[in-house]
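Going in written order, the chains are labelled A, B, C and D, and every chain counts its residues from 1.
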Amino acid sequence: MALSREQLAMRVAQELQDGYYVNLGIGIPTLVANYVPQGIDVMLQSENGLLGMGPFPNEQEIDADLINAGKQTVTMATGAVLFDSAESFAMIRGGHVDLTVLGAFEVDVNGNIASYMIPGKLVKGMGGAMDLVAGADNIIVTMTHASKHGESKLLANCTLPLTGQGCIKKVLTDLAFIEIKQGKFHLLERAPGVSVEEIIKLTDGELVVPEHVPEMNI
Amino acid sequence: MALSREQLAMRVAQELQDGYYVNLGIGIPTLVANYVPQGIDVMLQSENGLLGMGPFPNEQEIDADLINAGKQTVTMATGAVLFDSAESFAMIRGGHVDLTVLGAFEVDVNGNIASYMIPGKLVKGMGGAMDLVAGADNIIVTMTHASKHGESKLLANCTLPLTGQGCIKKVLTDLAFIEIKQGKFHLLERAPGVSVEEIIKLTDGELVVPEHVPEMNI
Amino acid sequence: MSGFNKVVNSYQEAMAGLSDDMTVIAGGFGLCGIPEGLIAEIRHKQTKGLTVVSNNCGVDNFGLGLLLIDKQIKKMVSSYVGENALFEKQLLSGELEVELTPQGTLAEKMRAGGAGIPAFYTATGYGTPVGEGKEVREFNGRKYIMEEAIQGDFAIVKAWKADTFGNLVYRKTARNFNPMAATAGKITVVEVEEIVQPGELDPDAIHTPGIYVDRLIKGSFEKVIEQRTVRQA
Amino acid sequence: MSGFNKVVNSYQEAMAGLSDDMTVIAGGFGLCGIPEGLIAEIRHKQTKGLTVVSNNCGVDNFGLGLLLIDKQIKKMVSSYVGENALFEKQLLSGELEVELTPQGTLAEKMRAGGAGIPAFYTATGYGTPVGEGKEVREFNGRKYIMEEAIQGDFAIVKAWKADTFGNLVYRKTARNFNPMAATAGKITVVEVEEIVQPGELDPDAIHTPGIYVDRLIKGSFEKVIEQRTVRQA
């Protein structure tokens, strides 16, 4: 069965390592913070100027001066630090963040990603996403494998305006965990109960399938 | 008579305006701080990271962590602010300092300045001087008009490696206050008791001399 | 030190000189850390044809969104414009021009504008619509695009505390773009919650040195929250 | 949060991995704000062929000058090298190479190295020996030269206080180049006067976020003063 939003977050959380500085995008990536494995500490970077983001506040803690990149009220973890936007993106662009998790509309076999604009529909803007994909070495894209109409989002070539070129190496969809290298998708894991055939059917770009494709351990 | 070091500083101080942020170079420029006219407040920028430099400390106030760009122990004035070297030169390069006063070996009719290196002799380095002359719109160079051997330091073309190109508009020497424009020196004032003829004799670059050249009011 | 006293006593004085077709750089991220009173004054002045450089354009009826009501903004330079219906409407109708700029590039362009750096290279946006028409250059085998600095006729900034010399301290994530904006205005106007005497702020903990600040006014702030989010008790 | 504890317990551990021919970026201005113990450890290790990026090279017998004694430095990238006789001697004899870099350009090159900016333009040095061989480009009618970023295999930094996560606070003008150096090392090692627990530093007043710091050691400092200057009583 396709992974739920929570299960996607759980699987991403398995990639966390102790001492990682992590930037989590809006949406599913944000949920990853709820599933950090025991014995592992990570520090969350929020690109509006906070390293060491804590949980959402309770009613008494709400502070209009303390928000995350999604404009939600948040708190600070112990040892947090605040800074300006230039410093925040120096950190991001300079490759100091260990892991970035973000959503996308499309990715392709060359590691291109499209995530900020659907021409003709509303243009929301790229926010910090272009800097994040350009600056990070270690990125996990989380997305649904295909649209509701069964159109693949894992393509030979992205059709939408790009957020970044050749920068994505790992994609976790609701159906599969996929690595991108040498101009191809490589199937690493499948969602529990999802068949390799279904993944192949819903993947437009060239997909390399090993003999044995393990089920994810959620 | 040629101006003394103190008199040079006094004359420069007459150019100060209330509310000026000022960077004073090492040597004679440093003395300018002693002659700020009454009723005028200026704030001194030290390029190693201090805006609002105070006087030298007394024995009890000495702090190894608080020095000026000449590595001398200093104090902070009320309302001073500390920052890093990138911020300090952002301020300088970005043109936020109102007046810069510095020494030189040579200047020429095109506003070029040489001040950091005499080939064959010791190379001390340019420190912050190249940034200061590139960043400031309002610079006063203080120097002796000629060497001890009577060789002019106000030239048609600088002979030493340049610190900056086309950036100097005002030069105060021990003999004269001179403006540089349209590829010529323009004599504005002469030191008390110094004749126009002497200034002409000791100026190599083309010098425009008006009919009346007032004596400096020191 | 009267020459360094930046305090002005009215919003009119704070924004004096702002005229049609000028460029205004504004601090703030969403509605967090925005100079509410200065924005209100711009609306009150009815200055038109403005180019506004700001990460966002507020929301309908608050923040920079207020300047959309009477179509005072000709062009926005922003990284994110979502969640503002009036903005969308004016954008789609062609009344409003938008230059979408990645958030980090926008912050760096403001910083460069204040720091005498006319241009810099970044990998951000290479191979995307943002890179179109921009110079591409390779360093150490990777491709980068050239981005130019931004300066404003005015910068409008929100800080927490200031001393009368204009030394500024920001609070929490209300800092965001404000320090860079403060450096990049020909005239920098700052609205703060509290003004103290010189010497009352720790010199080691000042975020923006007063040298960048031209005018200072004490405001009162609504601090509207866009996404009020609480955890389960 | 054990994964974020940056504290090491010996200088040997602090500088582990430093080897011949590496590039070291060092904070400090003159003898102010220099990582004394880390420099001593480099001398003790007798690492050779180093490229050292630092505004100055200390004095004879103190600071980075100590690394000249046994000719450990192959090349200095500095803005100012005066007042060091051994430096002058090795420079004139050709044993030591020097790349003179304007102070502001040096600071900006370090910042760029940490910030993912491979190059930037500055007017500083245009038309001077510093500009020779560098690309010249005109913006708004003025000429600028292109300067490239600097990164180090190691950065050695001196701060005042740190928490165990490596969040740093500097004191007075001992800040100088340290914050930029901290961002530009593949491995950044910081020597501090005091280490406190996370949460003890004001999050709004931290100068260097711990994300840049790899190793942290508590040192003791001589703090030699180069120009002890007092005013008349």
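Here are a few things to note about the model shown:
In this text, a residue touches a chain if its C-beta (ideal position, glycine included) is under 8 Å from a C-beta of that chain, and two chains touch if they have at least 3 such contacts.
Only a predicted model underlies this, so the values are computations on that prediction, with no experimental measurement involved.
Chain centres here are means of the Cα atoms, and by that rule the chain farthest away from chain B is A.
One inter-chain figure worth recording: chain C and chain D are separated by 32 Å, centre to centre, where each centre is the mean of the chain's CA atoms.
Centre-to-centre, using mean CA coordinates, chain A is 35 Å away from chain D.
Centre-to-centre, using mean CA coordinates, chain B is 29 Å away from chain D.
Residues of chain A found to touch two or more other chains are 76, 82-83, 89, 92-93, 134-135.
Under the contact definition stated at the top, the residues of chain D that touch 2 or more other chains are 108, 111, 115-117, 122-123, 170-172, 175, 203-204. Pairs of chains in mutual contact: A-C, A-D, B-C, B-D, C-D. Residues of chain C touching chain A in their complex: 29-33, 55, 78-83, 88, 91, 98, 100, 102-108, 110-111, 122-130, 160, 170-180, 207, 223-231, 233.
By the touch rule above, chain C contacts chain B in their complex via residues 1-4, 111, 113-117, 163, 165, 167, 183, 198-199, 203-204, 206, 209-212. Contact residues on chain C toward chain D in their complex (touch as defined above): 108, 112, 115-123, 137, 139-140, 142, 144, 148, 169-172, 175, 202-205. On the chain B side of its complex with chain D, the touching residues are 46-50, 55-59, 62-68, 70-74, 76, 82-86, 88-89, 92-93, 112, 117, 122-131, 134-135, 161-166. The part of chain B that touches chain C in the complex is made up of residues 17-21, 40-43, 45, 51-52, 76, 78-83, 87, 89-97, 134-135.
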